[in-house]
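The first chain written gets the first letter, and so on, giving A, B, C and D; residue counts start at 1 in each chain.
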Amino acid sequence: MDYTKQIKEIAGKLFSEEKIDVFIGYRNSGFDENQVPVLIHHYQDVDQLVFTEKSVFNLTNYLKYEHTRNKRVGLVVKGCDSRALNLMLTENQVKRENLYIVGIACEGVVDEAGQKAQNCLECVMPDSVVFDEMLGTPSGKREYQVNADIRELDGKELTERLTYFEEVFENCIRCNACRHSCPLCYCDKCCIDQETSTLYHGANTTSSAFHALMTWSLHLAGRCVDCRNCEKACPSHLPLHLLHKQNEKVVYENFQEHQAGMIEGDRGAFYKYSMSDPDDFIM
Amino acid sequence: MARVGVFVCFCGANIGDFVDVPAVVEEAKKIKEVKYAIDYKYVCSDPGQQMIRDAIVQQRLTSVVVAACSPRMHEKTFRKALSDAGMNPYLLEVANIREHSSWVHQKNKKAATGKSSDLIRMAVAKSIANEQLHEISVPVTKRALVIGGGIAGIQAALDIADARIPVVLVEKSPSIGGKMAQLDETFPTLDCSQCILTPKMVDVASHPFIELLPYSEVIELDGYVGNYKAKIKRKASYVNFDTCTGCGACWLKCPVKVPNEFNMGIDKRKAIYSPFPQAVPNKPVIDAEHCTMLIKGKCGICAKVCEKGSIDYTMQDEIVEREIGAVVVATGYDLWDPKPYEEYGVGRFKDIINSLEFERMVSANGPTGGVPVRPSDGKVPKNVVFIQCVGSRDEAKGIEYCSKICCMYTAKHTLLLHHKVQDSHAYVFYMDIRAAGKGYEEFVKRAQVETGATYLRGRASKIYKKGDKLMVQGEDAQIGQVVEVEADLVVLATAIYPYKDNPDLARLLGISYDKYGFLSEAHPKLRPVETAKAGIFLAGCTQAPKDIPDSVAQASATAAKVCGLFAGDTMKKDPMIAHVNNEFCTGCQNCVNVCPYQAIVTEEIPLGYGFKELRTVAKINEGVCQGCGSCVAICRSMAIDLAGFTDMQIINEIVAI
Amino acid sequence: MNLTTYSTDSAGLQAFYEAIINAHETYAPVEKFGKYDFKKVDSLAGCDPDSPIPQTMSVKSLFFPKSAKVMKYTATSEGTELSDTTEDPLAGKRVVLGVKHCDARGLQVLDAVYKWDYIDTDYEKRRENTILISPRCDQAVTHCFCTSLDYDVENLDAMDVAVIHVGDGKVYLQARTEKGKNFLKENNKGLSAANGAAKEEMKKQYDKFAGSFRLSMDYKEINEKMQDKFDSPAFEEVSSNCVSCNTCAFVCPTCHCFKISDEKIRDKGVRYKSYDSCNNVYFTLMAGGHNPRPVKYRRWRQRSMHKFVYYKERFGVNLCIGCGKCTISCPVNISIFEVVNKVVNTMQE
Amino acid sequence: METEVIEKIVSIEKPHLEAPPDWQPVIMGILCNWCSYAGSDLTGTSRIQYPPNIRIIRIPCSSRVDPWFIIKSLQTTADGVLVSGCHPGDCHYISGNYYARRRFLVTKKLLNFVGYHEDRVQFSWVSAAEGQKFANVVAKVTEDIKKLGPLRLYKKENS
């Protein structure tokens, strides 16, 4: 998967036709093999752009910041990224007319070890669902499968899971990198930082980590697109995807196979209901 | 600094016997914010309330906690007491230590005492975060819009107008009257429909407080309760109603013949027509689809014969706007199309008609002069088979619900048939006879005895043609045998189905409808005439199948609701509603999506202080919000809070114990 | 200073560690989720004193925890009663194994601010009571540039006891402070005094290590030039792909901003002091709504200037110690090295 | 010596996982005003007895319940949570409980996933007429939580 040439061409064309103010893509970090996101403002910088299976970071995250606000933006989105973008469009965070979207029919990205990333192995929608231009050959929607880690943890005893997650919450340093790197956490001031939360859980204790991560994952339930930006950002390497995948599983299995961001206009599982939702857990 | 006063009630022995009240008071005194705590025999009594009022003044209290019975019981009483002492009534919290403690833990005084203390702690903690709230008053435009000019709409309009409230009555067809105008006689008293309806129609036309807009449709409704703005399209009638006298010269001379909807297509009307002789207003309209002048530009006879020169072929649709405060929706019903009943040969056999067609035939002013005839040969039928529940109560082919009126009108039809054709015989296929209503059962009995109609319990399974007769096959469940009846005419009691445009109308009005298209009431039992949207009410068959008395009753109920709404210059509303904090709102509009009352709209505000760029935020309409908190819980940025049940208050309660 | 140096082999070092763990309250890097953090250990088995640099959290958490109790209080109608936290977190000596030198240098840098003006007694006591024992690195990793900064990497003066692997399984233990010297004397069981070759062998090891750096800069030049770069447009450029995630500050061995929060249940409460970050939008939000650093480049400017200008001006040392932890943890790999170099080298119009 | 970072504040009061002999659970009962709160009032008026461990919070509708309340309750004071609302279709605010139902399911499953027993957080539909049902629900929840013992959210690092 190498679309470096095409993306350079597209970005160059967009700049020369003055269709965009900024192009968001990837460049080589210059230090190591990794790629880092780059915001390009001028035609002459287009040559920095690359796109390979190391282009991991979900670029829609940058649509949250002042650099792109009310500007015409070109950006590259993979399948999962485009689902996040879809939700951002649905939730009125960006205007479609301001975007030029280069969709990728993604073949999966690799992790630091060079292995295909887990979320790519389980990807349900590798192709960009919203785009102006598509690179690669779409392979279509795939069948949903329960995450391997969730299956493993589900098989464990309750107390084992408790111990496991206690360690997760203990190792959280409450830097909030997870939510800042999440494109769907676009709130101006996170509820976790508001007085009602901080009055009782303002410190960086384990307890507040539990509170913050649980609340965060519930806010993303039925919205998380499994791009794993959060996990990449976490300095403690916490397995944050577990919380999201668990919610995704419950949502998929119980709420008419809801999957986040597949269709524009679909707001997420908590913003609609069905008469036939499960009721048996309620006395 | 918070200064909370705690008043613990013995409630005679109700609390005092099972909770150690003085210990609870001592415990309350330990709470940091509590500056005053006292017990009393009956806090709700006058001396008890006086105690609260005195303490508020003397102790300079900032909020008050009353530990007594359920807030559902005396919250209002104590709020009044606070108010009387010059304190904002919403600074009150009630700790429910009777229903939730003393009465339910009668065998464990220690636990009940401990629990009561905790409940007081929670109430104190909550009260600290209480804010001063003020009743919301929303100005109201005292004018009602009634959509639909059937009996329900007429009744609602008249009742409202009689209370000297202006009404705008919008009717889609050229005349009001609706389905009831098509009926001959009405059950259970067999009084003539026209005789009781037409006076009301005339009243509507002449009522000084009713503005009748016939041949019109509501196309837009903006605003909220008390402050709606409706756009109404007045369809071009091509006749100047101001000058037209309704003499009838035009429709007598008009050469174009069109099936007459009013008579269910049994006879013809003209392209310029008034639907029926007693129409109100009795002015003709030109049917633009069929008028040759309007289609081809040739003819113009009606203009020639009109002495007043009222015909205007250049007339255009006109849109009028009305400011209104409340809406009554009374769009009525349609008949269900029995097409799925192929085994009955619907559409193939001419001599199968529906009940409304039969109704028109037996009507004295009907197309056949009040005598039922076979559509195929015009002969008067002798054996008539009535089939009930065609569509109704049939999950497989039709609809699940019971249409409610068919049993009754079929019984009426057997009577009418008997009166009009003396030597006829009626057969009725029925599933159950549902005759609940004043005089209804008696009426069915009377019909059966008087006409000698044969009631066969069971669904007709098949109709086939034999010569010029129709053979109706069905099972008589009572004898357990298949029966065949030779019929000259078959009358299908097809189900009542919601008016076909109901879903469109519901979307336009912002109210909900069920899977069939019946408009949904706010609560099936307790708020049967209101919709979820404040200020919009339902009357008649638009909500569910109904007979005339029920429709009229519901219409009058809506009138009472409208009059209640308009009783003051402003509406008073509970201030416990949601508020948006613009600083935190991200404009995701999930709340707009979730609100059951469409109380949330969006507005544009500057991006920040000094910015010219705009961003979108949610805005709660105070007049519409009912304070359920759905939006609050789904707001991820916690930009919305619910006054009286704020996040802070609830968290305070949670951590207080 | 008269340096006490002992020599031993790998097995001897293991035994030395074991003995310390048995005798003292010991902290060492413990792996969890592929990341090492300093935790209390009971045996050598669960920890790795030679943990890799990039995957190790800063040792600052032992001195300036991510969240520390400042006090407790009880609020009743009689008034609010304050009390110290129930258990004294500062009692007794403790030993920390596996601290990288850059990390230890971070503490030295922090001492300046903690012992200036108001003296943070909690921090001071924790520092006093702690012995830092750590191996010298063999190999620099991608983002390391400690040799380019203003401290003596060769002589490891930030540590109490340095552990130097000179190859062939041979290990030298060298006390670098008075505290370390005493500690080594007390715990020298199984160790032998080093011979004359030690100095040379250690120097050789250092040279090999120093040669493995791929990043280098002249900190003096940076310090000097950065001073007039407050309005540099380069900040805008370098911060454009920052996601404001705060990670850099939380993993940085020298970042020391904190917030105070109270947590109260029923009538009892605790006051905490927790990490905060200048990269957080709300870090500088004032009552009344004004925020002097609402945009990313201003926050990045503050961060870079603080690391290389302000702190230097006030305390004479750079706040950055070149460990590269921020770059490694950064989800988009923004390197402070790259940032300051770009800022310094960008011409200002 | 401890780093003192990892501790639930209330563990000052309840540090043990093993229940002390006189331990009584605290159950946070969050009830909707129109059905369940009225139902609980009816339980009182009918003098139906139930265990005294529940502490009741009144809210307008079950849709007002942010899962956050449940998390906060467990974190701070409660050993278990009971949320109760109107039966489906009976919601005073038309559709509130349908939205709430979805959130409750996900919350319950998530808490179970991270190691808290399903019975820690329970839900019920109690109408204003179901005084007896409310008593039964409270009795069941109390019994369940008693069996599970005190809620330990975080172990102390050195214990």
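Throughout what follows, contacts are C-beta pairs under 8 Å (C-beta built on N, C-alpha and C of every residue); 3 or more make two chains touch, one makes a residue touch a chain.
This structure is a prediction, so every number in the text was calculated from the model and none was measured.
Colleague: Please give the intersection of the contact partners of chain B with those of chain C.
Modeller: For chain B paired with chain C, the chains in contact with each are A, D, in label order.
Colleague: If you tally the C-beta contacts for A-C and for C-D, which one comes out higher?
Modeller: When C-D is set beside A-C, the one with more contacts is A-C.
Colleague: Find the geometric centre of each of chain A and chain D from their Cα atoms only, then give the gap between the two centres in Å, rounded to an integer.
Modeller: A distance of 33 Å separates the two centres.
Colleague: I'd like the Å distance between the centres of chain A and chain B, where a centre is the mean of that chain's Cα atoms.
Modeller: Spacing between the chain centres: roughly 45 Å.
Colleague: Residues of chain C that touch two or more other chains: which are they?
Modeller: Expected reply: 66-67, 263-266, 270.
Colleague: Can you list every residue of chain D that touches 2 or more other chains, as numbers and ranges?
Modeller: 5, 9, 68, 72, 76-77, 95, 99, 103
Colleague: Please set out, as single numbers or ranges, the residues of chain A touching at least two other chains.
Modeller: 189, 191, 199-201, 204-205, 270-271
Colleague: What kind of graph do the touching chains make: line, ring, star, complete, other?
Modeller: Topology of touching chains reads as complete, every chain touching all others.
Colleague: Can you check the complex and tell me which residues of chain B touch chain A?
Modeller: 583-584, 586-590, 593-594, 613, 616, 634, 636-638, 647-648, 651, 655
Colleague: In the complex of these two chains, what residues of chain B are touching chain D?
Modeller: Chain B residues touching chain D: 70-73, 96, 98-101, 103-108, 111-112, 114-115, 118-119, 122, 512, 522-523, 532, 576, 594, 596, 626-630, 632-634, 642, 645, 647, 650-651, 653-657.
Colleague: If you look only at chain C, which of its residues touch chain A in the complex?
Modeller: Touching chain A from chain C are residues 32-35, 37, 55, 57, 66-67, 142-143, 240-241, 243-247, 249-251, 259, 261-265, 270, 272-275, 277, 280, 282, 295-296, 327, 329, 331-335, 338.
Colleague: Using the touch rule from the top, collect the residues of chain A that touch chain B in their complex.
Modeller: For this pair, the touching residues of chain A are 69-70, 91-93, 186-191, 194-196, 199-200, 219, 267-268, 270-272.
Colleague: Which residues of chain C touch chain B in the complex?
Modeller: The touching residues are 75-77, 80, 264-267, 289.
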